[in-house]
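Pasting the structures in now, so scroll down.
After this come two complexes, each holding subunit A, first together with subunit B and then together with subunit C.
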Partner chain A sequence: MSDIRAYEGLAGLRTDEARPAAARAAGAAAGPLTLRGLLRRAWFIRLLAVGLLVFIWQWVTWTNTRVPGIDEIVRFMITEMTGGSHGGQLTGEFWEPLSLSLQRYGIGLAIGVPVGAVVGLIMGASRWARGLFNDTVLVLLALPAVVWAFLAALWFGLSAWGPILAVVLTAVPFMAINLSAGVRDIDQGLVQMSRSFGVPLGRRLYHLLLGGTLPSGFTGLRLAFMTGWNSLLIVEWFGATSGVGWRARFWYDALRYPGFVAWIFLFVLLITVVDRVLLNPLERRAFEWNQRPTLTFEEEL
Partner chain B sequence: MATVLIENLTKVYPPTSNNPTQVQALGGVNMSVTGNVFVAIVGPSGSGKTTLLNIVAGVERPTSGAARALQEGVPAQIGYVFQEPRLLPWRTVVDNMLYVQDRKSDRSRREAEFYLQMVGLSEVADLYPAQLSAGMQQRVGIARAFLVNPDVLLLDEPFSHLDALTGRSLRDYLQRIWLQTRKTALFVTHDVTEAVELADRIVMLRPGGVAYDDMPVDLPRPRRPGDPAVREMQDEVLRRFDAMGAAVRFGAAEAAR
Partner chain C sequence: MTSAPTLTPQSVSELSVRELRRGLWRRWGLRLSVLVGWAVVIAVWYVLARFVFTTQQLPQPHIVATEAWDVLSQRNFASNLQASILRVAAGFLLALALSIGLGLVIAYSQWWRRLLNSVLLFIVSVPTVSFAILSLIVLGISPLGPVLNAMIVATPYITMNLARGLTGVDRRLIVMSEAFGRTRAQIIRGILLPSSLLSILGGARLAFAVAWRMELLTEVFASADGIGFQIRRSFESYDIRGMLAWAVLFVAIMLIVENLFFRQIERRFSRWRSPSMGDAP
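Let's turn to the complex of A and B:
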């Protein structure tokens, strides 16, 4: 896209719209380093928000002894990560619960996302299939994760299958409902165009169906990632003997609030990293064609 | 040699929740087009022009009758230029062209670039449709239709959504490419000037989708809207349309009695 300026003289070309959002953002950010300039920069505002949150947290810890201070939380997590002593016979555990949770999360998504995608595509393409699956998908969407926790504990005992099942059952309806809507929203004009030119089915599926359902597919994927992770925590909390959720509950039951909060922080941090490192770049790449993305943070300012 | 055969073609749309009465789009059209001719189908809104092309293209089914586009007895390759460009927004211009192309090779890309060059868009091959103006997108639509080396070219009011200047420029492009390729073309429009400028023959449809008149346009090419002969022919078509309007009105008045 960097060579877009080469075409600026061409009649009818929407050069302004053609400029990628990133370039526009960079343009908006360029300016003298004054306080006013800083307040228009996204990174500064995000930093400010985090700083404000930390300050409020710390202020609450000074007035309320039941809320652990940030220094306590950090110290606790360091002890967990290094396997140090928490006093008595309790020692730190970090990599095992974390890797177990990530493993369950990965397996759950690897099953739930494709199954949900296939169900969604079929639902979108066939009214009959929509009638067949719609209520089931809605029930899955409506059921809170904690119900799956208890059911999974009943069915599988306190094993790894409960958390995996919860992630699967959370991912499936989000993928299905979004992709089903995506298929139905495909521009019928493009379908007609493809048929009139005799474009083969395989090419139509790849270029038209995949491209047309990409926005809704991404929405489904993001929701599946987010809510799947939440379900995992809840099911591990109530129906597992290992994992991040279990470890958070362990410290909660032991009345060690810094430990409980530290693991909850880690939980939030992980899903933020997944969103920023995996989903955001993927989405940017997939929507390179969309020259009018949702308003960027800088533009909103 | 390509042939388009339209035999007693009717299309009736059943009632819907928005429109409780059935709508007759085509009411028994008969037409035959053979060889390298450019036929304009002219008619007011509601005369079934787009429906006719869609049935020829195979994207709609007729209620009765038949429409066949044949090349040496086998189904013809269709190239369709729609009212709107109908480009895949998530594919680049050249990928949109190659999407309808059977072969995927360097040669295909070169052919796509050749047609883009013919419509004056060789520089934008790797841009996305959203980066182009409406006129440029429509030119891509025209280039795409020619890329498949169509036996029959269908054009459904391709300039109707454009401003007058852009429309005129696109007519020039279309006329130039058609003169080089000489494809059998069915061109739907409600603009008599466009029809006279581009067509060898004008078929007039009246509301309800009934063929009313069929007249040859025997004028030298290339034609310009300001040419006296073009204006004269335009007046003649309009006179016939006035007569058709009177006939339709008279018919309605008779029926009311």
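Let's turn to the complex of A and C:
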């Protein structure tokens, strides 16, 4: 069943939070602040990474006149937030698209994640159900979000249901496929042992099912969050008159590239914030009892 | 499982009949469930097309199928498919070349690993639509955009899996072969490649899936040919039939490449491993 495992490949990419505390402490080793010591600090390396990305962006700016520099982008965003005028075009519409998009995103995930989780649990528990759903889920995974975006735009016109539907449809297969793999990864020996020792069903469900499916559940959740946000933006770009994606398109159509890029930066910023503020603490809490079992890079060597 | 204290010929044959029936049920029942799954999907599609949406909004499955067949038999299809596939292949090969360098650096230097990890993690978390739109501003409508975007999104997956494969190699094997005076080339061929190959292939398959979708999305925004462009053109002329037909073909190609190409290679290279690792679904 390696196809199901494939989408967990991302899990290996998460490193910082999953790293054991000892290694993290070693990364921020105390000592005199020499250049060598500085180069080894974790925060400095992260800063360097950010610097690298900024440099790449600036380099593109210098070589291409259509790409706005970071200063321009920041200035535009500030004007957009505080309200002002950009050559007669309306600004100050910052919070409304943002809150609308986040609402749609929230509703879509609130529907899609539980549905996907239930489908995944059923798929993991029964071979029959797996045969029934597996191909559908794989096709849903393979179907690009643009297609949903276009369909949603044509079905629902410019209403809010298109974006919500797109988020639901992207969240469901990721949750389903990862949870079904998680259920099958549960140690059958433990299941049989707990049954023969007469552990009550509730506790068995809690410890075995929840404990066993948590890692893959989080992988699915993270993928659902990331891809859901992506398809929301695509739908809003093509078929909405409000929301973050629409606002980016508005500035794009107006040939105001700084505004457009500012909103794109905002997309990235928002998903990073959601990841840091929502998913990471949740994940850390869920794995407090145990080191996170997915592969991390810092453990090796 | 069943206690059979007296093994009369009758009980043995009864047992084997039951076993046979169970085996048959297991094998054919599973296939049946797959068929039922497809039937349910198609039935739901029919019901939706018939009772919920109009034909302009959602054509019935057989209409889409005939449309897909029409598209397949046009010359138009071959040229668009070729354009898309060449771009994905170019992007993928560029990503592979880049990843081999990055993966080696990450696998053998902790400092570089820390630095590049955060960069690659950032690239993965950027919504793909932003790459697509950015290529529209930076490069305009150009065939280079899909290639570069496919490269950018595929690189983290290949790099990470390559590095994971390389760091997972049993160090003692290398030390031992050095002690026995093996050359560097022999070590690479005999130890490093075989033990990291499966991880690399897993990464390549995932990277292909990601790159293929990214390429399509970029074509939707910034291209004048290719499958993505055709989907967009159908959308803009309210031709849902054509759009679905192209989408169905896209998904079919993606599943075929994944299952026939990558999976077969993976199976071939994992034969020497324990049988549980390369099990067929």
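Keep in mind that, in the parts below, the second predicted complex is superposed on the first by the 257 of 301 C-alpha atoms of A that agree within 3 Å, B and C clash if a C-alpha of one lies under 4 Å from a C-alpha of the other, contacts with A are read in each partner's own complex, and residues count from 1 in each chain.
In the analysis below, a residue touches a chain if its C-beta (ideal position, glycine included) is under 8 Å from a C-beta of that chain, and two chains touch if they have at least 3 such contacts.
It should be emphasised that the depicted structure is a prediction, and the values quoted were computed from it without experimental measurement.
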Tell me the contact category for A:Ser196 with respect to subunit B and subunit C: first, second, both or neither. first
Applying the document's definition of touch, where does A:Ile264 land relative to subunit B and subunit C: first, second, both, or neither? second
Open item on the list: Let me test your reading of the model: by the given contact rule, A:His207 touches which partner, first (subunit B), second (subunit C), both or neither?
Closed with: first
Between subunit B and subunit C, the one with more contact residues on subunit A is chain C
- [ ] Quick one: classify A:Leu279 as touching subunit B (first), subunit C (second), both or neither.
- [x] neither
According to the stated criteria, A:Leu38 is in contact with first (subunit B), second (subunit C), both, or neither; which is it? neither
In subunit A, both subunit B and subunit C touch residues 6-7, 10, 12-14
Per the touch rule above, subunit C residues touching subunit A in the complex are 26, 29-34, 36-38, 40-41, 53, 57-58, 106, 110-111, 113-122, 124-130, 133-134, 137-138, 156-157, 160-161, 163-164, 167-168, 202-203, 205-206, 209, 213, 216-217, 220, 228, 231-232, 235, 238, 240, 243-244, 247, 250-251, 254-255, 258-259, 263, 266, 278-279, 281
Counting only contacts in the complex, subunit A reaches subunit C at residues 1-3, 5-7, 9-10, 12-16, 27, 39-40, 42, 45-46, 48-50, 52-53, 60, 64, 66-67, 127-136, 138-139, 142-147, 150-151, 153-155, 226, 229-230, 233-234, 237-238, 245, 248, 252, 257, 260-261, 264, 267-268, 271-272, 275, 295, 297, 300-301
Within the complex, subunit A is touched by subunit B residues 54, 57-59, 77-80, 82, 84, 86, 88-92, 99-100, 123-124, 127-128, 130-136, 148, 154, 166
Subunit A residues touching subunit B in their complex are 4, 6-7, 10-14, 17-18, 187, 189-190, 192-199, 203, 207-208, 211, 214, 288-292
